[in-house]
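Across the two complexes that follow, chain A remains constant while its partner is chain B and subsequently chain C.
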Partner chain A sequence: MSADQKPNQRPELAALDDATVAQALTRMHLIRKFEEAAEASYMRGLIHGTMHLSIGQEASAVGTTLPLEAHDYILSTHRGHGHCIARGAEPRLMFAEFFGKETGYCKGRGGSMHIADVEGGNLGANGIVGGGLPIAVGVGMSIKAQKNGRVCMVFFGDGASNEGAFHEALNMASIWKLPVVFVCENNKYGMSMDIGHAMAVANVADRAAAYGMPGHCLDGNDLAGVAAVAKVAIARARSGEGPSLIECKTYRWRGHSKSDRNLYRSKEEIEEWRNQDPIRRLEDELKAHDRFDAATLMKLEEDAQRDIDAAVEFARACPDPDPKDLTRDVYAL
Partner chain B sequence: MPSETLEAVREIRELSYAEAVREALGQAMEADERVFLFGEDVGVYGGAFGVSGDLVHRFGKERVIDTPISELGIAGAAVGAAITGMRPVLEIQFSDFVTLAMEQLVNQAAKIRFMFGGKASVPMVVRLPGGSGTGAAAQHSQSLEAWFAHVPGLKVLQPSTPHDAKGMLLAAIDDPNPVLIFEHKLLYKTKGHVPAEAYRVPIGKAAIRREGTDVTIVGSSIMARKAEAAAERLATEGISAEVIDLRSIRPIDFTTIAESVRKTHRLLVVYEGVKTMGIGAEISAMIAESEVFDFLDAPIIRLGGADAPIPYNPVLEKAAVPQEDDIVTAAANLVRRGEA
Partner chain C sequence: MPIEVILPKVDMDMETGTIEAWHVKEGDRVRQGDTIFEIGTNKAVMEVEAPATGAIRNIKAQIGVPISVGTPVAWIYLDGEAATTPSEPAAAAATVAAATSVSKTEAPAAPVIAAAASPSGLRATPLARRIARQNGLDLRTVGGTGPRGRIGEADVKRHMEQRPRCAAAQEARPATAPSATASGDRLQPFSAIRRIVANRLSESMRTAPHFYLTSEIEMSAARDLLGRLARRHERIGAPKPSLTVLIARVAARILRDHPVINASTEGEATRFHERIDIGIAMERDGDLVVPVLRDAGGMDIPAMAREFARLREGMAKRTLTPAELGGGTFTISNLGMYGVDSFTAIINPPQGAILAVGRTIDKPVGRGGEIVLRPMASFTLSSDHRIVDGVAAARFMVDLREALENPELLL
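Our next item is the complex of A and B:
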C-alpha cells in the first residue's frame, strides 16, 4: 500500500515511502537489539570496560541521518552505537570491536566508545564530551575546499553544549558558512546533572541565535518529524547557506553507564518516557494508517534480532589482537 | 580504655582508598568553612568513582557543588575562588579531561603567585582519577602526571595507600599552592590502615616501603604497590630489593632515592606514564648529574608505559603498562648484570 492512499497522514510521515520507513524501522530495531545484546554480554562478563546505551533514543539517530547521502560524514559521541548503525555500520564488526577483537572496526584498540568507520564516512565516536564538535568544523572546511558537495553531521549531548568547544565550533561554522549540521540529543541529563541545573536557557536550540544559525527544537522520539527537519538542515548545509542546530528532545532508558545507580531520577519519569517508545510509536502510526500490517512489522523485528544474534556469535569467535602489534598504529608510516 | 586496647583498635581500622579520600574531605570541610568540593557529578551521584559518596547530604549543595560539564570553566572558577579566600577542592572526573582545563592550571594557577610578585596565592587542590586497567580505552586511561610535574608553581602528588590518600589530601588542602593529586582508579577499592584523626602526610617526602640491599626500585601510585609485590617475590629468589614509594612527584624527594642507591648500587624506576620523556628520565638524570652516579654498579633501568595510547582490548591493555612480572624480571636482570 502506498503512502498517498491515506490523506489523513501527517505530511512528515507521508513524505517517507514504504521502503524508507522499513529501512528506518529495521535500523531502529538493530540499535535496540544491539544494545540489549551488548548489555547481556557485559552481564555475562564477555567484555571489560563500560558502555553507554542509547535505548530510547533510536528515532533521533535514525531520523536525523535518514536524509543523508552515502558519501556524507558523521561524528558521534560516547553514546554512539545508534549513530553507527543508523549509518549502516555492520553489527558484526561493531560487536567484534566491542569484544576487543582484531576483526573489529578499530582492531580492538577502540572499543565501544571509539567505533569509527572512516571509509563509510563515520569519523568516529568520541570519549571526550564535546570533542567532535570542533572536528566537524574542520570536516566542513575540507568539504568546502574540496567542493565535493558533502555534509557533515555531528552528534553531541545536552551536557556537551556546556563545554567551550560547543561555543567555539558553532561560531566558526557559522562565520564560514560551513556544511555542518549540529545535532544535540537532549536526553535531559549529562550523567546525573539535569539540564535545568546545567543551563541558563531552557533549550539547547535557543543558543543557535547567538551564533546566527537556525535552531530547531524537536520531539526526538518522532522519527518522521525528526527526518523532516533534518532534511531541511541538510539541504541548507549542502547549498552553501551554512550550519543549523537541531535539538532532539529524547530520553535514555538506561543509566548513564554501567556504574550508574540512577539516584537522580525517578522510576515514574523513566516509565513516562518508556511509554513514548519511539519504535512502538512509529509502528502504531503505521498500523493506524494501514501502511504495514502487524505480521510485516513483526518480521522486521525478528530479522533484526537474528542479525544481532549472528553478529554476537561472529564476534565471540574472532581472535584477540597480538600484543606484539601494540605500537603498530601509533604513527603513520 | 587502656592504651594497648586503643592501639589495637587503631590497628584494625581499615578503609578503602576511596573512603579515605572521602574521610579527608569530610574532615577538612568540618574544620574549615572555606573548603568546598566542586566537580561533575560529585553531588547526589556521589562522584564517578563513588569518592564523594554521601558528602552532599552532610554538607549541602552549597559546599558539594555539581557543575556543568565545563572543565576549563570550573578549573578557572577554582582559581578565582582560591585567590579570594576560599579553599576549593576540584574533582576532574577522569584525569584525561584535565586536558580541557590545561589553560587555567598551567597558565593561570601555576603562575599567578610568581607573576604578582608573591602578592597572591592559589590554595586549590585538584583531584584526578587516572591510570589504566579498567578497559576504558585511550581517552579514559592515561597517566599524565609527568606533564604537570614539568610546570613550576604546581605540586603533583600520587598517593598509593589509603593512609597516604587521606593524609596527603589533608596536607594538600592546607598547602597555599595549587596541588594536583593523581589517584589511580584501580587503587580506589584497595584497603588499608587509616587512623581516624585528621593527620597529615608531608608533601615532598618519599616512603621506604621495604628495605633492601641489592637493588632500589622506585615507583609511585599503583607501581609502588606492584613493586612491593615484586620485591616479595624477588626475596624468594634471594634478591633483596628496597622499594621507594615516591608519593610526591613535584617536589621530588631525591635525598631518599640517592641514599638508597648509595646502599644498593642499582636503580630501577617504574611508572605507568609513557616511558619516553617521563618521570624515569628525570630521576635517572638526577642520579647521573649527582655524585651518586659513581656508586652505580649497573646502568639505570626505566620501566614505563609503552609508546602507545592505552588500547581497549584487555590483553593489549596489560601489555601497555609495566606489570609485576616485568618488575621482577627487570630487577633480577639488573642485579645479575651488576654482578657480571
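Our next item is the complex of A and C:
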C-alpha cells in the first residue's frame, strides 16, 4: 500500500497499487468498448454467425485474471471476449478474427466463439456449454505431471454448472488436487432460463462442498473483491493444495446472443443492474479515496476508445483469407 | 454530426429486415435505450433501441418494405445540433430507396404506407397494428378500449365497419378487378411469414425430387366411426373429432410401421424420427401455418381432438410459440372442406413426405360385381425420392387404405 492513500480504504482495494488498478480499469474499458464496437459491426452485417456479449460482466473477467502470472492458462466460453482481453489479447487481432480475416487469432476461421491464443496463455473459447471444464482437468493433470508451477483458470456460466461435466470436473480436480481455479460467472440466466428454475441450491459456490474444495460466492461486479479472492484461490492452486470454486454474481446487460428478444426479464431488472456498472463503481471508489482524479479516469476511458477504434480500422483493412488455403489447416477429415 | 440509426442485423442469417412499426415520429425526443421501432425478421419481431439521446429526424424507412441490414433509417440530432437536413441523410435516403425492392418507376404506385403516417406513442396490439396497416388505416383515428387506451383488434375492426373507406384505405386495398393499367396494381412486399413460406417451399421444389401416389379410399367406415366418436366425446367432454383428426390419428398409427415415411433428409443422410410429430397445414389471415401435434404417436383420439382444438385456438389468438408451429416429422394437408377433389402438396422440408386429402363424395364404385355409390376420398402422398422409394410409399398407401376402410383394425 502506498503511503498517501486515504484511510478507510477497503483492504481489497488497498491491495491493488495504482498501476495495477489503472491496468485493470483499462482492460475493463477495452472489453466494454470492444464489445460495443463488435455489436455495432454485427448490426451492420459485417460479422457473420452470432455473438454473445458480456457487457456488464467486466469485473469478473478482469478481477479473476488479475493475479495470474504470465505463464498461466485460461479456458474461456461462448461469452469469452472479456476473458481474452483480460488475459491480454490484442483487440485488433480479435476484430480481425471476427471479420474473418487472415490476420485474426485463428486466421479468421474461428470467429467470436473460438478465439484461442496458446502462446498468450489462452487455450481457447468453447461453443459447447461447459466444454472447457473437462479440458481444464486435463490441463491441470499436464501441469502437475510437468511440475511447471502453472495454474489453469477455467470460466463457465451458471447454466454450465448444471451440466454433468461440471460435477465430474470438480470431483476429479479435487481428488487429484489439480492446480485449477473454477470461475463460474453467474449472470442469472442460461439463455432464457432463470437460475431459480435450474438449480436446487441458492449459489453455485455451495456446490463446492460436495467436492471438498473452498467455494467463494462473490459480488462479481466488484473488481477489487474479485481480485482478492482470485489471488487466494490461485495461490492455493499453485501450492498444490488443489482447486477452488469462485462464483461471481453478475449480469449481462445484453441479450443472451444477438437474437434474444429479452422476453424472460424486465426492463426494470436490466436497469437495476446497469446501476451496478462495475466500471463506474470502481471509478467512483477510486475517486472517493483520492487515488485518481476525474480527468485521469476520463483519459483512461478515452485512450481505450481510441485503441478500439484503431483496432477496428486495422482489422477491416486486413486481407481476407485466400480460398486456395481452404484445406491448409485441416488435419482430419 | 447527427447519429445514424441503422436497420440492425438482429439474427444470424438475416440480410434484410422489415420495419413493422415506428414507436416515434419525426421530431420526437428519444432517450438512449428507448424503443424506437420494431423490426420483423424471419423468426420474430424485435424491438430496436435508440443509440443516442436527442431528437429523431429524417425518418426515411417505410413500414413493411424489406431493407438491407446496415441501411440508415433515421438520424438522431443531439441537443443543440442544428436541425437542418444535412447532406449525409439526404444521400443515404437514396440508399434506402435503392436497398428496398421498390424501383424508381414503380415507387409512385407502390401502396406502402409512409412511416410519417405511423402512429407514435400509441398503445396498440401487434395484431391491431397489422390489420390497420393492411387496410391503410391511420391508428390515430381509432379509439382504443383496452387497458390504458390500448387499441385492440376489435377496435380496429369496429372502426373499419363504421367508417366509409377513406381514400388511403382504398389505395391500400387490392383492386377489385384487374385493371389493364399498371397504376391499379398493388405491390405488397412479403410479410415475414410469407417470406418463410416462399423460401422453404421453393427450396423444397428445387432440392427434393417429388413423386406422387394417389389412392381413392372408401370412407364409409371412417364416417361411421366419426359419428360414434362424436357421441362418445360429447359424453366425456372432449371436442368433436373432425375428419382431419381421425386421419392424423390413423397416420400416426401406421407411420410406426413405416419409418422411412416418418423421416427427414439431413445432408446426405436420412434421419428416422423416433417420435411422430404431425404437422397440420392451416390458414391464418391468408398465411399458411403448420401447427404440430407433438408426439401424435402416443395420443388417443380424445387427446388428439383436445390438442387439435388447443392448437386451432392458439393459432387464431396468436398465442402459439414458434416451437409449436414447426418441427413436425410428417404433414397432413386437408382441403376437402373446400370441395377440392384431389391435389398434390409440396413437401415441408426437411420432411420426407406430405399427405394431401381431398373431399369425401359419393361415387359409383364396383362392389361384388355391382355398381354402387360409396363415399370416396382421394389421398395423395408426395414423397421425396431421395429418401423414399415408390414401393415404400405404396406400402404406406396400402396401410392407409386398410386402416381407413377398417378402422377397428387399429384397436
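Here is the rule we go by: the second predicted complex is superposed on the first by the 327 of 333 C-alpha atoms of A that agree within 3 Å, B and C clash if a C-alpha of one lies under 4 Å from a C-alpha of the other, contacts with A are read in each partner's own complex, and residues count from 1 in each chain.
FYI, contacts are C-beta pairs under 8 Å (C-beta built on N, C-alpha and C of every residue); 3 or more make two chains touch, one makes a residue touch a chain.
As the structure is a prediction and not an experimental result, all values here were calculated from the model.
Clashing of chain B with chain C is the outcome of superposition onto chain A.
Touch criterion met: A:43 reaches chain C, while chain B stays clear of it. In the superposition on chain A, contact of A:259 is made with both chain B and chain C.
Counting residues of chain A touched by each partner, chain B versus chain C, the larger count belongs to B. Once the two complexes are laid over each other on the shared chain, residue contacts for A:124 go to neither chain B nor chain C. By the touch criterion defined above, A:179 reaches neither chain B nor chain C.
Shared contact residues of chain A with chain B and chain C: 48-50, 259, 261.
Looking at the complex, you find that chain B touches chain A at residues 40-41, 43-46, 48, 66-73, 96-97, 100, 134-140, 306-309, 311-316, 319-320. Within the complex, the chain C residues that touch chain A are 6, 8-12, 15, 43-47, 68-70.
The part of chain A that touches chain C in the complex is made up of residues 42-46, 48-50, 258-259, 261. Of all residues in chain A, those touching chain B in their complex are 47-50, 100-101, 106, 108-111, 113-114, 126-131, 159-160, 162-165, 190-193, 197-199, 259-261, 263-264, 320-321, 323, 326-327, 330.
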